[in-house]
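Quick notes on the structure that follows.
Labels run A, B, C, D, E and F following the written order; every chain starts at residue 1.
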Amino acid sequence: MSDDRRGLVLDGHTRPEPEKIESLGLLGTTTVYEAQGQVGYLGTDIRPIFAGAACAGSAVTVAVPPGDNLMIHVAIELCQPGDVLVVAPQTPSKVGYVGDLIATALQARQVAGLVIDAGCRDISVIEEMGFPIWSRYVSSFGPIKESLGNVNIPIAIEGVEIAPGDAVVADQDGVVVVTMARVDEVLRQARARAANEEDKRARYAAGELSLDVNDMRGLLDRMGLRRELAGGETGER
Amino acid sequence: MSDDRRGLVLDGHTRPEPEKIESLGLLGTTTVYEAQGQVGYLGTDIRPIFAGAACAGSAVTVAVPPGDNLMIHVAIELCQPGDVLVVAPQTPSKVGYVGDLIATALQARQVAGLVIDAGCRDISVIEEMGFPIWSRYVSSFGPIKESLGNVNIPIAIEGVEIAPGDAVVADQDGVVVVTMARVDEVLRQARARAANEEDKRARYAAGELSLDVNDMRGLLDRMGLRRELAGGETGER
Amino acid sequence: MSDDRRGLVLDGHTRPEPEKIESLGLLGTTTVYEAQGQVGYLGTDIRPIFAGAACAGSAVTVAVPPGDNLMIHVAIELCQPGDVLVVAPQTPSKVGYVGDLIATALQARQVAGLVIDAGCRDISVIEEMGFPIWSRYVSSFGPIKESLGNVNIPIAIEGVEIAPGDAVVADQDGVVVVTMARVDEVLRQARARAANEEDKRARYAAGELSLDVNDMRGLLDRMGLRRELAGGETGER
Amino acid sequence: MSDDRRGLVLDGHTRPEPEKIESLGLLGTTTVYEAQGQVGYLGTDIRPIFAGAACAGSAVTVAVPPGDNLMIHVAIELCQPGDVLVVAPQTPSKVGYVGDLIATALQARQVAGLVIDAGCRDISVIEEMGFPIWSRYVSSFGPIKESLGNVNIPIAIEGVEIAPGDAVVADQDGVVVVTMARVDEVLRQARARAANEEDKRARYAAGELSLDVNDMRGLLDRMGLRRELAGGETGER
Amino acid sequence: MSDDRRGLVLDGHTRPEPEKIESLGLLGTTTVYEAQGQVGYLGTDIRPIFAGAACAGSAVTVAVPPGDNLMIHVAIELCQPGDVLVVAPQTPSKVGYVGDLIATALQARQVAGLVIDAGCRDISVIEEMGFPIWSRYVSSFGPIKESLGNVNIPIAIEGVEIAPGDAVVADQDGVVVVTMARVDEVLRQARARAANEEDKRARYAAGELSLDVNDMRGLLDRMGLRRELAGGETGER
Amino acid sequence: MSDDRRGLVLDGHTRPEPEKIESLGLLGTTTVYEAQGQVGYLGTDIRPIFAGAACAGSAVTVAVPPGDNLMIHVAIELCQPGDVLVVAPQTPSKVGYVGDLIATALQARQVAGLVIDAGCRDISVIEEMGFPIWSRYVSSFGPIKESLGNVNIPIAIEGVEIAPGDAVVADQDGVVVVTMARVDEVLRQARARAANEEDKRARYAAGELSLDVNDMRGLLDRMGLRRELAGGETGER
């Protein structure tokens, strides 16, 4: 962030309608990611800290200085029920910025979950609490509380920009972000995709081949696919 | 693969006898790996997508272009009950080539499992289905369906060559491949090894020391092992 | 280690009182790490091999040559009930030095757990046995038994020195080591910290803000934190 | 990008004044990064392919599908003298999208350099040509030319958004991006910073201590820094 | 390798004609890799230890146990002028198996270079000697000399199988391997490719666009590429 | 470090005799590492920032908080000619703690070099100055100056403990540390090793085989090494 933005906290941002976010959550990370044109995925290294974790909510964003979680405490006050706290360090870090105390405070405010591009600790207790977290590391490395960052200024994780109010969908596949302005369109596309997949799933389960269900045979022939019987070659090995 | 092999699909390869593969599966990845002379292991980064996943089967191999899963659809048609689909990208990739739809199609054909040296997605649904997958990444990154690769041409993962018909054994330790020609020999060795380990396990559980069970004391003495009482040194710390 | 120490095994080291180690274990990795001044954590890559693994004990240390687990067998004989075996390779290694047989032998001696800065295998069986292990890799790669290392000479993992008799606390957050001389002091600090956290947890759960509980508002004001209403800026996006 | 943006090429974007970009280039990556408030750095893994590489220019952005460099050819036509081509794959990739032929085409158009969050090849020839490139990998893995992406739609690398017309400064420290709207302000700040550093450098070179030059002693005392003579402790080791 | 192959050394393998290998070397790694159908590249992590390193030769292969370089000494005796020694550890390793002494011995036998999927050390001296090496690591970690491996049994690096007598081409882009049986065909294809590239390079250098030289415009139109003027959108940022 | 040690600076530690350190430096990292029993190497990821960098000196150690270089400024005052500043972050970090200004200050005090288990920046300028640095990253990510750490308390990098006054030898192979108490012994061993290697180098260069120079043939025979002529098998491929 620029110097003049350091220590800035923005409140009062708009949030998408909760039922729309809930619907996105039910559709799941990968369906939403595909429905919005294969963008918004936070990558393969942001993982849930326990099996079965899933949530969806509206982003409150925090940029934290190296190893310093002071601004997370500032952000808690701005969280509303149904929000997801999304935390990015200003430089790559393995520090465990978040533990069971912060999780307790967030859960008390009915925050839906937390995403952090750094470490998280006390994960046994947090799993017992049932508060879902996605992080890059599990890490006991401890934070300090000495420097300012920002709350609700756009941040970025793995090349994806996240602004306050963006929809966040997270499950076992990872985390995907939908820009607030696109929530309606993406929800529509995701529902269409899910319906289409439901249909395909039934046909596949009944034994139909995807080559037929998706009419791929003609394309493959035109591309020059050749089918041969395994013979001399593999026999020769 | 060479240019003249692009878009080639081989069918009709030989498979090992199913009961032999099943026996290898019961012996487990590490025992089989050791029994065949410490080769064939696909390394520490190919991991099961859920706890408890285990399978054994005969390999159907697929080489896929970057981010393109068209050839996986082609390969499904060639899969028989008890096969394991093994997929390698032509260049390293984090794309989630395989999701719940492909898993459904494979399960409908009674395929035993899938191994992929890239990403896999929709893992919650796939775990519910109970279809076991081993992959390098969990990843929502989505594939396209536009280019040709190969089916049932030998591929390689982490320096291990895998040919169609090779036996694949996968569990919580990872994945090991047994060349078709060696299945009988490896099965014999693995059974001998397992019997020997069973005996040792009982003796260790009863409190016997491995130094005695394996007659290691003489060797250690000859190598010059010295035993001393912790004294000045650690006390001085 | 220096040449003159190769093949040296030290026995008879002092151990902390078991009830103190047990108390540290109940307090947990992260609390102990914080209580001793944010040191002693073995890093984010030493992970439990199954969910729920937790243990605490007194260290028996082993330095192993590349891919060789002979010295682990030597060390078993020196283990007493309540010890934790801590293994470091002399060069970085992905070999699975430890499997279910060694786990069986350790469990028979009532060893509390094992920590290894390398690989571990047969993890399904070991999970069934309920013997807790923390390792850098799950790996079938197999060891040999041909060369000497050391037992109960200080080793180091991720920059943390571990001497025989040091207290080892391990759970889902990872592993932390407490130098034997500091066990009393750290236990006292950790209990104080836990009590303080218990109090905070209750207040957070009741809805109090951490900014108030920790009196952070004055500090933030002095540092120049500015709070603004989201307006022109985010609207302009 | 969203589906409706796939295959979109935007031309005619505004560019900063060349002499301002040149000035930023002379100040260097790290000075510019600091001057704009410690943002815009593309991270530690985007490295120059040869020693001494340095450039500055105005960004032309390309989003490429997995392993496909067709859109880079499309982008070349839009490049003007003094531009820097910045390429991001839609999913992480180790493919060498760029080789000496593309470098030749870019050099013929007096493009200042190229930044790619993937692989680059033919680097000996490119070094001889003196065309500077920053990439995540050196890689012979070859691209295909079959799918559409985008040109001059904003992309992101390591959490930094890059829009067409943004200033790009690259040297041995890596790559930093300055949003077009901030070029004037950042240039002013960077010059001030450089002047201040020049002054400090002279004083340091003359033997003055940074503790004095920066008036840090009072701060350290207030923070409670203690200075002691090495004695018992290190002597005891 | 299988148990019955441990400790096996094969001599007397066939080698390709030296002038053909030399020709491949002049064409370079990436051209050869492309000419043989985008296979045989040892990946982005096998790097030259000094700038300017380049060589081509016929493979002598060595499989080494963890941290043990005894078999490299065995292999030296089998090397002939123009060979390239290719070394793979049986398990992933960071040990520096090769230093200036082995380099001296190989240079004395007029070996063309060395490729190792592990570590190499004494690199300053080796650079002075001008003996080219490609390795995964620079590493002082030292080897032992205690266990058997194999010489001239096929090995694999990053999924590429390498047999004795295969052609190895290595330069700043990395290392590519050509199966002995394909040397003639690949040389022919590589020369054709180089000629074609030479022609394109001249046209690009003269300012022709690759879109025209490669007749890509029609394809792009059929795929639906849209070109628009940057307007509202980027201006709105 | 423990809480009561935070903010502690120790001065007046003993240093080895400069000519001994100089001698170690001439022998080189790998020779010294081997001579002291294959310990003390800081691993494969601590690399010189420019080709040809080499130095040897007596350690001044600094432990720095996350992203904070205040204590490096404190340490400069304690450096004497011939020292090497060794810096470890308290948690893993990609921040560029050190740039050309700090390098200038150190060079003015005739410090021999700097080793940092984190990032370094302004590397072009530092190379021009000829001040040698070894770091884990090249990184523009910028530090702050707000928190206390320690100077001249033992630190650890990659499992190697470094105390003030220890000898540090660094070159193109990386960095090795010799405990002060062992300097004499290691120097003696290293000289013996170098002499022995010099003799072997001459014999290898003259064409003698290492199998003969090291009398390995008998050992290999006893281990059961078999030599066969490549025949059916490789011919069959």
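FYI, a residue touches a chain if its C-beta (ideal position, glycine included) is under 8 Å from a C-beta of that chain, and two chains touch if they have at least 3 such contacts.
Remember, it's a predicted structure, so these values are computed and weren't measured experimentally.
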* **Contacts common to chain C and chain D (chain labels)** => A, B, E, F
* To do: Would you mind checking the shortest number of contact hops between chain A and chain F?
  => 1
* To do: Tell me whether chain D and chain E, two copies of the same sequence, contact each other through the same residue numbers or different ones, using over half shared as the line for same.
  => different
* To do: Return the distance between the CA-based centres of chain E and chain F, expressed in whole Å.
  => 29
* Mind checking the centre-to-centre distance between chain B and chain F? Centres are C-alpha means, answer in whole Å. => 39
* To do: Give the residues of chain F that touch two or more other chains, as numbers and ranges in rising order.
  => 38, 43-44, 51, 92, 94, 141-142, 147
* What graph shape do the protein chains here make by touch: line, ring, star, complete or other? -> other
* To do: Spell out all pairs of chains that touch, sorted by label.
  => A-B, A-C, A-D, A-F, B-C, B-D, B-E, C-E, C-F, D-E, D-F, E-F
* chain F - residues contacting chain D, complex -> 7-14, 50-51, 70, 73-74, 76-77, 94, 96, 99-102, 104-105, 107-109, 119, 121-124, 127, 137-142, 145, 147-148, 152, 163-165, 181
* Asked: Which residues, counting only chain B, touch chain C once they are in their complex?
  -> 28-30, 33-34, 38, 41, 43-44, 47, 51-52, 54, 171-174, 176, 197, 200-201, 204-207, 209-211, 214, 216, 220, 223-231, 233-235, 237
* **chain F partner contacts - residues on chain C that touch it in the complex** => 1-6, 36-39, 43-44, 88, 90, 92, 155-161, 182, 189
* Can you list the residues on chain A that touch chain F in the complex? -> 65-68, 91-95, 141, 144, 146-147, 236
